[in-house]
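Below are the structure tokens for one structure; questions will follow.
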Amino acid sequence: MLANILNKFPENFPLRELVVAGLVFLAVLLVLISQGSAYGVRMLVEASCYAIIALGLTIQWGYGGQFNAGVMGFVALGGFCAMLFSVPVNDAFWSTDLPGELGRAFVWLIAGVLLVVAVSQLHRFGLSKRLRTVLTIIVALITWMVVKSVFAPVTSAIENQAGFIGGLGLPAWIGWLVGGLLAGLVGYFIGHICLGLRSDYLAIATLGIAEIIKAFLKNEDWLTRGTATVSPLPWPTPGPAELGFVLSRSIYLAVTAVMIVAIFFLLQRAYHAPWGRMIRAIRDNEIAAQAMGKDVNKRRLEVFVFGCVLIGIGGGALTTFNGIFDAQGYLPLNHTFLVLVMVILGGPGNNLGTILGALLVYIIWVMSEPLALYVMHLYADVAGSLFGWEAPANLSSRALQARVFVIGLLITLVLRYAPKGLMPEKLTHEKG
Amino acid sequence: MNPIIEVKNVSKAFGGLQVINNCSIEVAKGSITGMIGPNGAGKSTLFNIIAGTLPEDSGQILMDGEDITHDTPDQLFHKGLLRTFQIAHEFSHMTALENLMMVPPDQEGENLFSTWLKPSLVREQDAEVRRKALEVLDFINLSHVKNELAGNLSGGQKKLLELGRTMMTDARVVLLDEVAAGVNRTLLGDLVSNIERLNRELGYTFLVIEHDMDMIARLCDPVIVLAQGQVMMQGTIEQVRNNPEVVEAYFGNAL
Amino acid sequence: MSLLNATQVQGGYGGMNILKGVDMAIDKEDIGVIVGPNGAGKSTMLKAIFGLVQVTDGDILLRGESIRNRQPNELVHLGMGFIPQEKNIFPSMTVEENLEMGAYIKPRTTARMLEKIYSFFPDLKQKRKQPSGELSGGQRQMVAMGRALMTEPTLLLLDEPTAGLSPLYMQEIFDRIVEINKAGVGILMVEQNAKQALAIATKGFVLASGQNLFTDTGEKLLNDPDVAKSFLGG
Amino acid sequence: MNELVFFINNVVISGTVAGSIYAIGAIGITLVFSIMRFAHFAHADLMTFGALMVLMFTSLFPGSGALLGIPTPLLMLPLGMAMTAFLAIGIDRTFYKPMREHGVKPIVIVIASLGVTLMLQGLIRLFAGTGSRSMYVGESKGIYRLELPFELASRPIVITEPQITLILFTLVAVIGLHLFMHRTRTGKAMRAMSDNPDLARVSGINTDKVVMVTWILAGCLAAAAGTFLSMDVSLTPDLSFHLLLPIFAAAIVGGVGHPYGAIAGGFLVGFAETLSVFNWAVLLRPIRHWFPEWVEIPRTLALVGTEYKIVVPFFILVVVLVWRPTGIFKGKVI
Amino acid sequence: DVKIGFLGGFTGPIESMTPAIHAGAQLAQSHINAQGGLLNGRQFVMPTGDTTCADASAASNAADRMVNTERVTAIVGALCTGATIASANNAAIPAGVVMISPASTAPAVTTLNDNDLVFRTVPSDAFQGQALAHLLISKGIKEVVGTYVNNDYGRGLADQFRRTYTALGGEAVEIVAHEDNRADYRSELGALSAHGVDTLIIFAYADSSGQTVLRQAHESGAFSRYVGVDGMASENLVRAVGARVVEGMIATRPGSPKLPGADIFAAEARKAGFDPSAVFSAQAYDAAFILALAVEKNGSDARQGLSQAVRAVSSAPGEVILPGEWEKAKRLIAAGKDINYEGAAGSHEFDANGDIQGVVVEIAFENGRLVTKGEVKF
């Protein structure tokens, strides 16, 4: 019956897309009505930032088959750059001689790196390889200790006298771009090491690097104020204090929406060009692709870095919108697994699916909190009146744990019953 | 005749096992050279070393006089050295047509920035590539399955596709690793004619590993016999068949 | 009553029928050889018999008892052995461990059978402590055969046992198959080296597009000009 | 002398304890990794679950261990192991098995196992709350203070009861597992399955049973690791999640598929961690007079601050992956 | 109904502390509703939101929903300083909503550019840190090592302590950070014990890292005296690590032993079934009560004017209102009298920054019980 109706549509009628888009539209409408426009727009902005991040992940996981389990780290890098570039200049730092000392410390660092690199090349001058390795390790350790001891007084002086080095006072969008580049750079190093190995290793390595990035941002107080957080972060657009919540957020939304459209456009172009065909071939059969003259390692790295850049940009936009840089606030649950669910549910490799998935999942995620509380209280009330059951004191806390469970369940169920997502990757095969 | 591939004193060991032992061979330009030898002689290993998928322990490999010892497979591809795999390595989630279209090197559309900045050039080039691919599909008799996913093709068709890929770009040397194994003998006849045609019409040089003597006899001159990582002899198929040493190591009483 | 009797077998992968009603019968003293074009469903037929592919219609009887869609590990207990077309050894285990895995269901007979296999394939005895992943193609094929013989099966299914083997080894394998068959083991195998295989076959089956085209003795098929032209390469 | 005691306490014992925890975590992971062919991220939460079960039984029968003269949690460990094994099998049946049969790529199952991680964490918190608890209900932990018979040593060497049990258990588990895998029929069947699952079936091996045995072993090891760990410290819902990286690092560094590799990897990571945060100034102080006057020994002379301890396993992982992708014991790169 | 929202860290690093704090605020709510409600008998309702404590984005999201969707008049919370700052900057300040935090103790809240909208009912850590330093010096302890939980709370407290302590002539040999919720702090303790100092200060929470650090410190046998702060001041610690271990441990916490409000609150809390000594639950009671008084004083549930009303009802002069005395307060306000709330945790005379001048008391663990030793004077 249903199949009959479905079959009436022409083959390339985007029925599935329309249905999913309609669903998302309905959800957005529902939120706008039930939560008020100020909050609704806010959620849309955040969802749109997540959509940019999810597009980055869909490139890696959907296009390239690379499982990045450390999205959080790259988001944090984007956020850090957004903060560093947009926060006003800290005169308490720049008016002292601390910048000079910091610069001197960096000179030491560079000199140290050069020294270690030089020692590691000693075998070219006839040193035996083993001796060189031992020597390099020793020199590296000593240099590390020295550089560390050069930095320590400078950074603690900064912390004590100025709090932190402050920002550069530039528009936030410069920070987003630089954040994207920085994320890409880190992605380049990770990818360089891990992309040649089996895919699980990449997952483990990225999981680790995300924690390391977070540990760094959290503990280098001279740079980020650490756990003391930096806020408010200036927006590239007028803030709510000037225009009110709804209008200022709508303008911000316009900015992120333009970004999404631009990214979407670029991705579609690339994916349906020979580039996309080549990436699919590499995902399909690496050995054959290499024998057919494709530089597999370079291309995989390209895909990974490209994805990281988008994740960094999205992270920057998200952090700026939130108005606070809090290194501690980057959590695997919110910034890695949630994005993963968006991509898996939306359809890895399908750009439109990913964007709609991001919107849908973010709405579910945000709305699940009041919903969980409501259900739990309802249950407690009913149980209380029927059986005299007394609600435990930490009911709310427990109810909210259900969200973690739900996200986990969502991942496994989608993978099990719709492994390709709501909108599977659309392989527009070349027709002869 | 001048050689297009020269393998000079190449050695390779796995753990303690010396698989290729100071081996030297030459493949003449424009020839179809056969390579036979007992199982475990090191034929595939030598192939992989030439094609850049395995590093050799020592020795040197030249192509048209140029040292290609340390080149990677993709670099060799760009120099005109193409190979097939003993087990077909198709791109199973792509159509037969796409399998061929992805082959040509230096497509402008493979550059991320060109896809954004020069879309019309990319489109033009791609149309050209498609035309070529359709031509090749016709040549290898696969036109009727061009829109079929390669993963759904039968074993023999996959092997034809492997061969077709070598025709998508100007190759100079093609290495064929046991194209006949597991292929129906009737279909094999077609394959052999294709190889002959390529050699004759397009001037490709072939190096062919095979255990099917009918095919070797029909195609190859000369034939190199590899045993325990070394060349045992080289000659015409008749010379090979009449060499008692080769008969003992390779043919047994199967002749 | 034949040892194996498959009637009107239909089946395939994921709902799509590859086999469209195949008949096949093998006796204890038979060597059955299946030939046919690529993609005809030959491997699928062997897998269907061995419970590795879903059979949707028809029946398969072993000594008169239905074994349709039984688990492979149960079939081993019923005296069947199978050598797949590829990936037919445990590469990280030694030759001897591979053989022991063959006798997994009958650990008692291991020692006795090991001796027997080693006398069959003397090459293997030398290499018995070596991981089998480091063997050459021919030696692997021997390990695979040995593994299947360890349980002393009464019916052996072989999928292209000689593909990629040198003429010397090919002949060796065919000789062994005849020898095993003489010892009372029914054989059903798929071969592309069809001429040599049909020469030793008592029964030949030509399969095309998942259906029986011809069924006859090996000799008759070899000499049938139609069969030779379309399937044996002239 | 005190400096030496300090070294023993903070490097030798700490490193051994951390190494043992990582090692038993890593054998569980490496077992699933080599037989089911995917990195099982939910292993850490099986550890927490096992410890929680043990705690539950301990609270039900407090003090019952005293009958045998052992801590109650230890007595309840077999029950906890059984429950965890049961859970592991259940998870496999409901989530991983259908996906395996669907023939998805291992990496997709890895993602599913991340989903399972979140589900378990949610459930554990939902039912057991979020606070931290001690495994000793109405008992106290045995602490041994070994005074050294030297005059200069005023500080004792300190080791606790669960630490000793843990180290012993790790040794037994690793050797036992190795023997099991190489000597017993089931063990060989497991290796066969990890090599070639289809051929294992064709050889008459009941692969469902092998998978079940694998999960039973993995579950038991996880429960044991979780229990010892929380006896040594305390039980929190995300106790083991923080161990995920070091455990995976240990498994990969040691060589996937090798019980002995897990021990090597575990100890390498454990000792690297303790050594990297160890304050070397302590050892330099007694030999202060060997140095020229102008050399000043800083108060702290550690390679990294303790806040960067998590970097160490990652660093080792990366170095080993670059230097030898198959790990110390040459495991499989499947 | 009149809505005053509650923002708490129901999940995340302080999820074990939040319920008791929430209970404190709920106690105020039930007192008020039982005694006639707000304004003209309208009910006091308290929607809750989860800030997760650690995630600024979740915090501002929750605050946003309070401000824009629930349209609350004012907010009790948030708890963690990070969450409070995020909520204030992103939602409350632009919308002109008053927030009173019962728990955000970090000095950063003082300097928040908040249009006089953000208050707190706890003294800044700047104060407790000083008090602790003076306390130790007065006890003759001149050399310490310490470890703090790496968040704004632990860090701010430790910094302030170190500054004052050094200025007073003590030597804080090393104070290291540690991550919350880890299983093992032996390496941190190893680093600290390397100096051979026998006093260890723990700036952490009793329910999480604090007890683990204490237990492992005791097991290592490297220290002989332990010192804690408010986060450690919980009898939970006795249950968790054993009376023998904590015996003689000293600590400080914000508090006000002289106020009668504390006793009233303690009695009421026990009646309601939660531990009155739970950290910040008295402060939460006060925050909720003050906001309710301010609404009453303001005469409507509008947001304008509320911050002046907060100052008016909580500070002298005026007739003293104690915890639970809602009816009386209502009567006085209706009569146009000035009132002065003297709460469960302090008298809450807000300064220009919305901070209060707190009182810090010394406490000690004796025979497995928490004993209050009296105010720390300096």
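Chains here go by letter, A, B, C, D and E, matching the order in which they are written, and residues are numbered from 1 within each.
The rule is simple: a residue touches a chain if its C-beta (ideal position, glycine included) is under 8 Å from a C-beta of that chain, and two chains touch if they have at least 3 such contacts.
Keep in mind that what you see is a predicted model, and the values were worked out from it rather than measured.
Taking the definition of touch as given, a chain qualifies here only if it contacts subunit D and subunit E alike; those chains are A.
Using CA-based centroids throughout, the chain positioned farthest away from subunit C is E. If you compare C-D with A-D, the chain pair joined by more contacting C-beta pairs is A-D.
As a whole-number value, the distance joining the C-alpha centres of subunit A and subunit C reads 53 Å. A straight line joining the Cα centres of subunit A and subunit D is 30 Å long. Averaging C-alpha coordinates per chain places the centre of subunit B 76 Å away from that of subunit E.
In terms of their C-alpha centroids, the spacing between subunit B and subunit C amounts to 31 Å. In subunit C, no position touches at least two other chains.
Each of residues 129-130, 305, 307 in subunit D touches at least two other chains. Of all residues in subunit A, those touching 2 or more other chains are 218-219, 394, 397, 401, 403-404, listed in ascending order.
Each chain pair that touches appears in this list: A-B, A-D, A-E, B-C, C-D, D-E. Those residues of subunit B that touch subunit C in the shared complex are 14-15, 17, 36-41, 86-87, 153-157, 178, 181-189, 211, 213-214, 249-255.
Across the complex, subunit A meets subunit D through its residues 65, 67, 69, 141, 144-145, 149, 193-194, 197-201, 203-205, 207-209, 211-212, 215, 218-219, 333, 337, 340, 344, 394, 397-398, 401-412, 415-416, 419.
By the touch criterion stated above, subunit A contacts subunit B in their complex at residues 266, 269-270, 273-275, 277-278, 280-281, 284-285, 287-296, 302, 306, 427, 429-432. Residues 33, 38-39, 95, 98-99, 102, 104-108, 110-112, 114-123, 125-126, 129-130, 244-245, 248-249, 252, 298, 301, 303, 305, 307-308, 310-311, 313-314, 317-318, 321-322, 325, 333-334 of subunit D are the ones touching subunit A in the complex.
Taken in their complex, subunit E has these residues touching subunit D: 11, 15-16, 150, 173-174, 176-179, 181-184, 186-188, 190-191, 193-196, 207-208, 211-212, 215-216, 219-222, 240-242.
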